[in-house]
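This is the structure I want to talk about, given as structure tokens.
Chains: A, B, C and D, in written order; residue numbering restarts at 1 for each.
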Amino acid sequence: MLNLGLIGAGRIGRLHAAHLARQIPRARLVAVADVVEEAARGCAAEYGVPCAVTAYRALLDDPDIQAVVVCSATDTHAQIIEEAARAGKHVFCEKPIDLTLARIDAALAAVARAGTKLQVGFNRRFDASYRRLRQAVDQGEIGRPWRLHLISRDPAPPPLAYIQVSGGLFLDMAIHDFDMARFLIDSDIDEVFSTAGVLVDEAIGRLGDVDTAVTVLKFSNGAIGTIDNSRSAVYGYDQRAEILGSGGMISTANAFPNSATLSDSRSVHRDLPLNFFMERYTQSYLMEMTAFVDAVLDDTPTLVTGHDGRAAVVLGLAALQSYRENRPVRIGPSF
Amino acid sequence: MLNLGLIGAGRIGRLHAAHLARQIPRARLVAVADVVEEAARGCAAEYGVPCAVTAYRALLDDPDIQAVVVCSATDTHAQIIEEAARAGKHVFCEKPIDLTLARIDAALAAVARAGTKLQVGFNRRFDASYRRLRQAVDQGEIGRPWRLHLISRDPAPPPLAYIQVSGGLFLDMAIHDFDMARFLIDSDIDEVFSTAGVLVDEAIGRLGDVDTAVTVLKFSNGAIGTIDNSRSAVYGYDQRAEILGSGGMISTANAFPNSATLSDSRSVHRDLPLNFFMERYTQSYLMEMTAFVDAVLDDTPTLVTGHDGRAAVVLGLAALQSYRENRPVRIGPSF
Amino acid sequence: MLNLGLIGAGRIGRLHAAHLARQIPRARLVAVADVVEEAARGCAAEYGVPCAVTAYRALLDDPDIQAVVVCSATDTHAQIIEEAARAGKHVFCEKPIDLTLARIDAALAAVARAGTKLQVGFNRRFDASYRRLRQAVDQGEIGRPWRLHLISRDPAPPPLAYIQVSGGLFLDMAIHDFDMARFLIDSDIDEVFSTAGVLVDEAIGRLGDVDTAVTVLKFSNGAIGTIDNSRSAVYGYDQRAEILGSGGMISTANAFPNSATLSDSRSVHRDLPLNFFMERYTQSYLMEMTAFVDAVLDDTPTLVTGHDGRAAVVLGLAALQSYRENRPVRIGPSF
Amino acid sequence: MLNLGLIGAGRIGRLHAAHLARQIPRARLVAVADVVEEAARGCAAEYGVPCAVTAYRALLDDPDIQAVVVCSATDTHAQIIEEAARAGKHVFCEKPIDLTLARIDAALAAVARAGTKLQVGFNRRFDASYRRLRQAVDQGEIGRPWRLHLISRDPAPPPLAYIQVSGGLFLDMAIHDFDMARFLIDSDIDEVFSTAGVLVDEAIGRLGDVDTAVTVLKFSNGAIGTIDNSRSAVYGYDQRAEILGSGGMISTANAFPNSATLSDSRSVHRDLPLNFFMERYTQSYLMEMTAFVDAVLDDTPTLVTGHDGRAAVVLGLAALQSYRENRPVRIGPSF
């Protein structure tokens, strides 16, 4: 059994709490920390967690806790990872680790020194459909991969207040896709070209961000990737991938709440896809946390490493630079 | 080159005329007969046919004509087949041959005596999707066939005047499905059970006909078939088939005018299927006539024989009796 | 909070135990009974249940238990329902209640006298896709329903030992479909015609059972239903439904483990559908149990009543008789 | 009736000949010219064309011919257009008009002076699925268009000898997609970025060409387009499009030879898509030629103009430059 503490009891924190408390038999959620006392207490009450505090350091000081799940604000991630590593705690950390490479590097160095485990929250790697694509690549079902196309569109833009602190489309939203590109093709990326625009909502543009973007990736193995990001898709969460290779092509479709198709006098139609990530990726969130618990208890490598977390940020920064300078940007050897 | 005469220049007659005149290089349509002079002349003018008459016997007397395509009213089919056979003409005849077995038998006997060729217009056998199902059965792709399910629904009922002379749902509409069942499973049928109702339009019931029917077929090889007929499907022509066998299952889908799928804020939808048989089965009509021309010129057996035409009528009559007596009806050995 | 006891810790019992112990917050599973002591203990240990016994009566005598979940052998259901009702316990009972109407009637009478709640385990009613069909009927999305077609095929026959005690295809397997037909069309059924055969495995025939069946249903509202049952579908669990109505048609598709489609040099293909009911209907099992717990705690009617459980058995018996006598069987007014 | 002459009796020339001779009632194909005498004669014999010559000028000199269909080698197109215009003949010309803008401009100027009609062979505009996308844009079904994604992959590379004279992937293959992008979004394109590689066959690289390419388009209306080109897709001709807009998304699927889906013990599969353009776009070739004949006879504008033909070449040249210089290329005002 693994005793865990949860740091940050917001939407995603409570999701992890539910899984740890109810659906992962080898895990025991023993403490919740949130700077908002009510949030910590509410979460603890809902999931039967014995301890609720406001200071996460209490969890790092608790010798009964072996691992922490970090779901606090992004700008606290790196600091908490460092402190947790020094306290000998294993860490599951939501993405992104940080928006600056220097702080990421410091955090990863601390983890390396401590010899603890770190898993970054790229949950989509655990989704059955994306895994099936990776399996097809691994097993040669489509031969050598030549082209990757990722579609990742949110149903509607987040609140402007969120956008302002999010790091922008490339580092907040597309970062999942940068990781997915690396995961699916299993190759480094040498060059990035991004173009983008403000098509959905001019208010997003006034904050200096974009809401629509296309990114072209050149992989070291010669494959070419494209990522399609939009902050708005009125029909729901649009999450698809396609890989063309020398031996075939594999693609995924969106997930739907039911399989019913209705034909009437106007059209053949079905209900809209699952609306957003909490519904679409429910199962992958459970699987990533189960994998983290297993990795700690069985002392195996985590399936999404600190390096993976860093690499996605590198690509996000390069994409942002490419968009601003309207030119392809090489990814240096330090990547 | 095969010189043909067309008897009956209604909707289906003109369709065959178009194919013979333009798209079947080995055929030459040299005469059109229709009891309505205008119809014969109009058809001849449209497709560049040199001769238009009102009496079909003129075509049977013409030594330059080797074959006739019979698209006249159903109650003239058997008579024309007999006369054509006596005149040494090969015959393509629209379904059904006739609604009474005695007249069918007489017509088939005349054809046998003359040694001429006869093909019955079960065009669906030439449709690429149904052919693919038969191919799967023939090649063992689904093992031994166990279950057949046919769906055959018209977009809307025909005019009441047509229904009155049509022979009723079982002999007019379901007859295509009885033939398809025999074609796909390639086995005789021993027993039929039909149930039916008047659900679409009470006026159809007042004419003594039904508009909705289910027929269960027991094949000699043990397979069980079901046929779903309706005179109304507001979404368009619904023509599907499914076969389950010991090694798998194969099924077809409807045909659509385009492949576009539109997702908006209400649903994921596409345009309705092709509305009716003229659009849905265009290609199969061309292929059946090409096959007939080839069979005559190359002296090979026709792909839909007089026996096939008779067998479908036997099943239609049995289904009608089963429905009226509400009991399974055995198909006798004479079938 | 509702305290429940589980009677019968076999495959389906353990599934319910998992849901009650972990995923239904308002439920507390406090005892497990199984005639096999090891089964009771193993189940209790796995799901943290404090009490494990061999005699179910201990659960009925326990004043802390308000409801029992009956997953024991079919021939014990009616007896346990009666005793539980007399003990004032609410009952969730797996289908079928019993195979004889007299025993079912006695059990339902006991429940009526006690005023306790009874829910029968027709879990498919809680599946999102079937619910969507019922919703379409309820909301008039397809107008008046005319035709229902249900496909229900198992991936492979159960062990012969199971078949011998199962009640046969009509009462063991098709009973789910009889309930689904009533649920989807929301109308009584007046007449049943069944035909069947032994196509999958002759050993099933030697036990007096069939492995392939077609049942035709005549609903009181005029609609006609067909049910397609097979004990074998090599591609996996095949569970589909289609309803045609005056205003349109709605149909469901099978459920798949992922959405990936792979096109290679031979075909366009995807992985097989979910293999069997434990995977296909996982969510519906959770939802039916949650609904039962809610019905008891909130004192609302259960969504699958004793009458529903009885009606499905009536249809199963009528279907069996129809098959044996090869004639349509009327459902009497006592139904 | 329109009398036409065909110049160039290769594969695509014979396809047009078949349509003109048999399926376009208002057209009469009266002469065929091909530098290879046998080709001209063979084509004339097959389609019943009275005159076959080797010198196309004979057709331009023939006062009975009102229009010519130019299917000769690409480097002869511009010259023939000019001469035909001077001779007062309307021209249908296969794409591309030419690979150099100066020659295109000279040809278009000649057409303008003569006041004759010119239609360029971008047949895909006449395909039912692409037309449905354009209709959705025109009618506002997807709101303002934001993103266009085109997939255009050939089943296998053409012979190296063809590639050598083709103008390369961007001007030979992608030119259809550049036109489709303009057609679907109905907006000018301001900037192009292309990246490409030699992944399919190194021999293609040794000829200085690429076999895999991604092109990013910035439209004047703010929309962003991406084009995915590959010279190889082992599963067949892959031709798809998707447009995301403020009100929804519309996408097309590939075309298949039949609708049958087979589920066996390994997978759920269907036959491969139509293999190449002759099968996939048959209907669109007929429709474009019918439209040309109608435009001439009815004196209406052609639906694919000389300007359209020029614009696609401009984009092809810009894409090639972008790929070579690895930077975005602006399309100047002369475009």
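The working rule: a residue touches a chain if its C-beta (ideal position, glycine included) is under 8 Å from a C-beta of that chain, and two chains touch if they have at least 3 such contacts.
Only a predicted model underlies this, so the values are computations on that prediction, with no experimental measurement involved.
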Practice task
Report back the single chain whose CA centre is most distant from the CA centre of chain A.
Solution key: B
Completion exercise
Larger contact count among A-B and A-C belongs to A-C
Fill in the blank from the handout: Distance between the CA centroids of chain B and chain C (whole Å) is 42
Practice task
Give, as an integer number of Å, the spacing between the C-alpha centres of chain B and chain A.
Solution key: 58
Problem - Chain centre separation (chain A, chain C; CA means) in Å - result: 39
Practice task
Would you give the residues of chain D that are in contact with at least 2 other chains, written as numbers and ranges?
Solution key: 233-235, 247-249, 263-265, 271
Problem - chain C - residues contacting chain D, complex - result: 233-236, 263-273
Problem - chain C residues touching chain A - in the complex, by the definition given at the top - result: 22-23, 128-129, 131-133, 136, 141-142, 247-255, 257-265, 271
Completion exercise
Per the touch rule, the chain A residues reaching chain D in their complex are 143-144, 146-147, 149, 153, 193, 195-197, 199-200, 212, 214, 216, 218, 222-224, 226, 228, 230, 232-235, 238, 244, 246-249, 326-328
